[in-house]
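Okay, so chain A shows up in both of these, paired with chain B first and chain C after.
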Partner chain A sequence: MRMSNKTNTKQAASVRTPASVRNWRTALEKWKDFLFAFPALALLAVFLYYPLGNSFYISFTNWNMTRPDKKFVGIDNYTYLLGHEDFYQSLKITFTYTIMDVVLTLVIGLLLALMFNVSSRLYAFMRGIIFMPYYISMVIAAMVFIWIYNGKYGLLNRVVSLFGLDPVEWLINSQTVLPALVVVSVWKGVGFAMILFIAGLRSIPSDYYEAAAIDGANRWMLFRYITLPLLSPMTLFLVITTFISSMQVFQSIDIMTNGGPLQSTNAIVYWIYTMAFSQFRTGRASALIMIFFVIILLLTALQWLISRKKVHYEG
Partner chain B sequence: MNKKKLATTMMAGALAVVVTACGGQATNGGANGTGGNSEPVDVEPAKVVEDTSPVTIQYWHSHAEAQMEGLNYMLEEFSKKYPHITVEAVFQGGYDDLHKKLQAAVAAKDVPAVTNVEVSSLPTFGESGVFADLTPWILRDQTPLDDFSEGMINSYAFNGKQYGFPLIVSTSVFVYNKTLLDELNVQPPQTWSEIDAFNEAVTLKENGQTTRYAFSVPGWDAWYFDPWMINGGGQILTDDQSASAVETPESMRYIENFYKWKTDGHMHIGYGKGASNTMRQMFLDGEIAMVQHTSANIKMYRENADFEIGVSFIPGDVTRISNIGGAGIAMMEGASELEKEAAWKFIEFMTSAEHNIKWAEAVGYLPTRKSAIESEEGKQYFERWPQYRAVLEHFDDVTPRLQHIAYPEFRSHYIEVMGELALNNVDPATLMPQAAEKINEVLADYE
Partner chain C sequence: MAGQRNSKAVGVIRLVLAAAVTLLILFPVYWMVVSSLKTQSEMRLAVPTLWPEGFAWENYAEAFRVIPYARYFGNTLIMSVGLIILQLNVALWAAYAFAKGRFWGKELLFLLILAALIVPDQVTFIPIYVMMSNLSWLDTFWALIVPNGASAFGIFLLRQAFKSLNNDVLEAARVDGAGRFALIYKMLLPMALPTVVTLVVLIFISSWNSYFWPLIMTNSSDMRVLTIGIAFLRDSIAGDEAMYFHIIMAASVMAILPIIIVYSLMQKHIVAAMANSTFK
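Entry: the complex of A and B
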């Protein structure tokens, strides 16, 4: 009886709820998801979307950041860059660096993963050693490598001389400077790639290997037809993240070469930086940012599209 | 208007002519480096301010750790003289970093009152209206600009406006191994015509390979070799600053000599990242007998060399000058009126003759005031630091760098020619015309 009274009271209350409150609740329900996401979106809007939009606007001006007025110059900045050989030279440097960095980081990372995918304390310790450069700041690594590469007093030339070879000015020679920068990046990034590949390897069920072995597959065939395809999601992830970070190489160039010698390491992001802050051409630098943004976006989309056919997701 | 005010105004008016004649000269980096086309500007003196209400100003600087003791001393002395002004000194990194932060501060409309500025960037900031013209305060307080070295004070003026004062001033000089040169009984060359004989006497070769270079000139920064171009009778831009002049026969004389001296194994040219450290170490190890370097490093060389150090002004030919380097002190246009008054007092104090020697010795840079050098304190300073005499004797031959807003951008093109010479021994005659074309392209882009 008491229960029935309670139910009646509830029903009565719901009947009495005014329409405005009900509407408000419906609206709240409808916008709830957005409200939860709002703080994060607000941060993104302030620190990402607004600067992006503003850069797009500045790219059509001749602003130098210190001048109060911004003169609208139309697409002049874009036509200047796209018609200038320095742009293509810088793009070539960036792509050369990126291809070397991505290939070496992934290949060496995978080899290390295959070598060190053993559960023992000794191997865990060795994995830790290989991973260590990843958490050293690039600034510190670059400072150390400047001395290692020093043509006259550097450690590397000491090693080279043990083999009877002539010393090389690693960072002052146009032929060696880009590979020298790639080595620093690979040294730093290879441990991370190894750890992710090991995680990928451990997620492959052993049943596949056992079944294939019973069917007579050798080690190479196991690797080629089971390991590689089932590692492809991890490989795709590493290709995209390494690709984007390599395309944006900056710190090592800023510290180790300043874009030199003779502009041979003047990669796009470093060029944007010098254009904006040393040559005071903020408008043109913003145009370069936009062009570069589109290039990376298109290439990442292309990688993703190609990979849709090639990446195998287990299960 | 009372009589005192009338007299002050008249005096200020007369002084305005002196100020605009001393400062505000655009230079083309040519032999007549201090020549220019400044127009006298009508400027009213600033009003006398007797407000002593407390004010705090920020001073953005690039003073490295070694200079902080000197800076702290100056700040203490300043607060004794002006107890109502508090100066917050904020280290903003090297000149490049400082300039970037200034750009951001201007864009954000939140600027410090006083800042350092590297001398070659002054025109860009001045032209953009970032710095305040100090002329009204100079007129009001009758600051004696002619007491500064002419080249030094002119370096901080642009288009008829005095945007700053020289603060930490350097110039490039030849630092030489005096012990070695005394042993060889040779003197550092004072003119280009003496260089060949110097090279023959000092260079050491074994099996055709140079084991000791006679001298080294840095190729990584045009600040070091621009004076050679000028001393050879050349200039960076034409007189009207409308086109490149680096490819003219006069402007090429120095680099053709460099090519010859380098090919013959007498001359070392440093280039690329770390080249400064390498050149310094080679000198200290006795592999180079004489290096052209900033006078700010004289102290470092004296402290680190295990031989006696000598300093010589760079040799001349048609002229004999060296360019000013280092940084000045400037007031930000965006500061409030109250801050500007405090900023002016701080700028005047930091560059005053009274503290000039003490400041120069503490930071390892050059004195800037003639009266300070001629004072008893100045004489004692040169007794302690005889190496600076070479600069003192050429006090007015330290001239401004090229003043052009596009200079920070286009100089990279002829620096690259020097780089090709330094790294690949490429004949500059084949590359300089291309560099000139690129310079002209940049100049056209600025019009």
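Entry: the complex of A and C
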């Protein structure tokens, strides 16, 4: 009954509407789905793609944000940066930090995955605790670690003194400051690596291990010749994603060291920030942004190429 | 028999080690809570106490006194709720269009969305800052929310969820005359509810913790969010900062409490989403 009513009204409607309006409607119908994608596309166009192009343009100007005039200076900003020792110093700091962070996060994450890959509620609970710091704000994490690293009253120096060693000003000593920053990042990141490694471990079919065990393989051989190679896609994914996010280190530096002591933690993003908002060298900061972005693009492309190659010879 | 006893012993050793590692990782959070309940003099003892001598709850009241804590908390909440509403709806619409819709250039446009995942905030912030300044949006919630309205990750996550849903039910609803909004909000959303809830939680956590964006886009003390407020609280301390760290710790505990609660309730979903969605 209801059905027939509906078809009746539909027919009636189509009889009444002229052909031009009907065509317009079917045309609109074709576009309606697109209209639902439009807000997302428009937001990205305005707040991502346009600023990306604009940053690129600004990088060829001598613009200073506090002044209205903007002069095209060609590649001057790039030649300045590439010819300046600070640039290589900042790159070195960033890569040193990043490599320490990636290696420690992944090695500890893998060890944790092997240790915590047990199906029980207790282990699930413990995994939950280990993953939690990943979601704690870096600002708050930095605050706790500033307190732990405090030269006079910090817990770390108390522990150090138990071993008869002298107290260290962890964040003021240029030898210890980078490792001290890395520790905070590793603390936050190992849980994530662990969760992904466990997902990887669980995707390895158990009959591989059984077959190898029958052939007399010991635990180390199982790990070396089955677990590690079959985890390699996950490892690659984690290396690249951790590398990229680690290269963007900013918050912990802004809170814990302000780039110091003596510029020893002046990593790229922190340098971009101070160049743009303390020195107002907008053009030069944009050139640094573009160099930084190209590095990230290359890393992403590398990941894509390697993972594609993997798929090829496995398939 | 001996082998069984042996494997049991291994299990116990493993459990003890695992518990020790868990406690070690939990320690900084424990230390934050304990320090937040110590008095100024107890913070400066030669041998630190692992458990406070007495609970100095007044540190928490003090945190509200030294900075406009309630205001910062409110600002953070407004920003987070605003981002949840905008990002979720924009992602729902886009995920529908890319998963179930038909239009020209769909695959290509979706690539444009995915490409956004590669671009960090630091690459686009200067032009957006200028844009916000021209719109007079600096130092307002608009600048905190609108530029981050489209979450490529959220669109990707929901599109995956929508794609796995059966088309027959949708076709039936469409024949019955359901409009697209009805399809999205009355059918797709309930069917993909676990993913939607997970996305809401992840948006909440990331906006609650955000620092770089509010640091750039706001400058008056009235517009500070918690992360900025706490960072400024520490910067404002002249001289020996150990004098005030019990208050900073109290402010910090209150700032992460919503995250800890949400995380505890939603942990299973978050872990599943992380393990499944990132590696595809």
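Points to keep in mind about this one:
The definition used in the following text is that the second predicted complex is superposed on the first by the 260 of 315 C-alpha atoms of A that agree within 3 Å, B and C clash if a C-alpha of one lies under 4 Å from a C-alpha of the other, contacts with A are read in each partner's own complex, and residues count from 1 in each chain.
What we mean here is this: a residue touches a chain if its C-beta (ideal position, glycine included) is under 8 Å from a C-beta of that chain, and two chains touch if they have at least 3 such contacts.
This is a predicted model, so every value here is computed, not measured.
When both complexes are superposed on chain A, chain B and chain C clash. Of the two partner chains placed by the overlay, only chain C lies in contact with A:51; chain B stays clear of it.
Chain A is touched at more residues by one of its partners, and among chain B and chain C that partner is C.
Looking at the shared chain after the overlay, A:271 reaches neither chain B nor chain C. When the two structures are aligned on the shared chain, A:170 is found in touch with neither chain B nor chain C. In the superposition on chain A, contact of A:152 is made with both chain B and chain C. In the superposition on chain A, no contact is made by A:97 with either chain B or chain C. Within the superposed three-chain model, A:60 lies out of touch with both chain B and chain C [touch as defined at top].
In the overlay built on the shared chain, the residue A:280 is in contact with chain B alone; chain C does not reach it. Of the two partner chains, chain B is the only one touched by A:262; chain C is not.
Residue contacts after overlaying the shared chain place A:68 against chain B, while chain C stays out of touching range. Chain C runs into chain B after superposition on chain A, and of the options 5-13, 23-31, 131-139 or 275-283 the stretch responsible is 275-283.
In the superposition on chain A, the residues of chain A touched by chain B in one structure and by chain C in the other are 65, 146, 150, 152-153, 277.
Chain A meets chain B in the complex at residues 64-68, 80, 146, 150-153, 169, 171-174, 256-258, 260-263, 277-281.
Chain A makes touch with chain C in their complex at residues 6, 30-37, 39-41, 43-44, 47-52, 54-55, 58, 65, 112, 115-116, 118, 122-123, 126-133, 135-141, 143-148, 150, 152-153, 155, 158, 187, 190-192, 195-196, 198-200, 233-234, 237, 241, 248, 250-251, 254-255, 269, 272-273, 276-277, 282, 285-286, 289, 292-293, 296-297, 300. Considering their complex, residues 14-15, 17-19, 21-22, 25-26, 28-29, 31-32, 35, 43-45, 47-48, 90-91, 93-94, 96-98, 100-104, 106, 109, 112-113, 116, 118-120, 122-128, 130-131, 146-150, 152, 155, 177, 180, 184, 205, 208-209, 211-212, 215-216, 227, 230-231, 234, 241-242, 245, 248-249, 252, 255-256, 259-260, 263-264, 267, 270-271, 274-276, 278-279 of chain C touch chain A. Chain B contributes residues 96, 99-100, 102-104, 106-107, 124-125, 128-130, 271-275, 277-278, 281-282, 408-409, 416, 419-420, 423, 445 to its touches with chain A in the complex.
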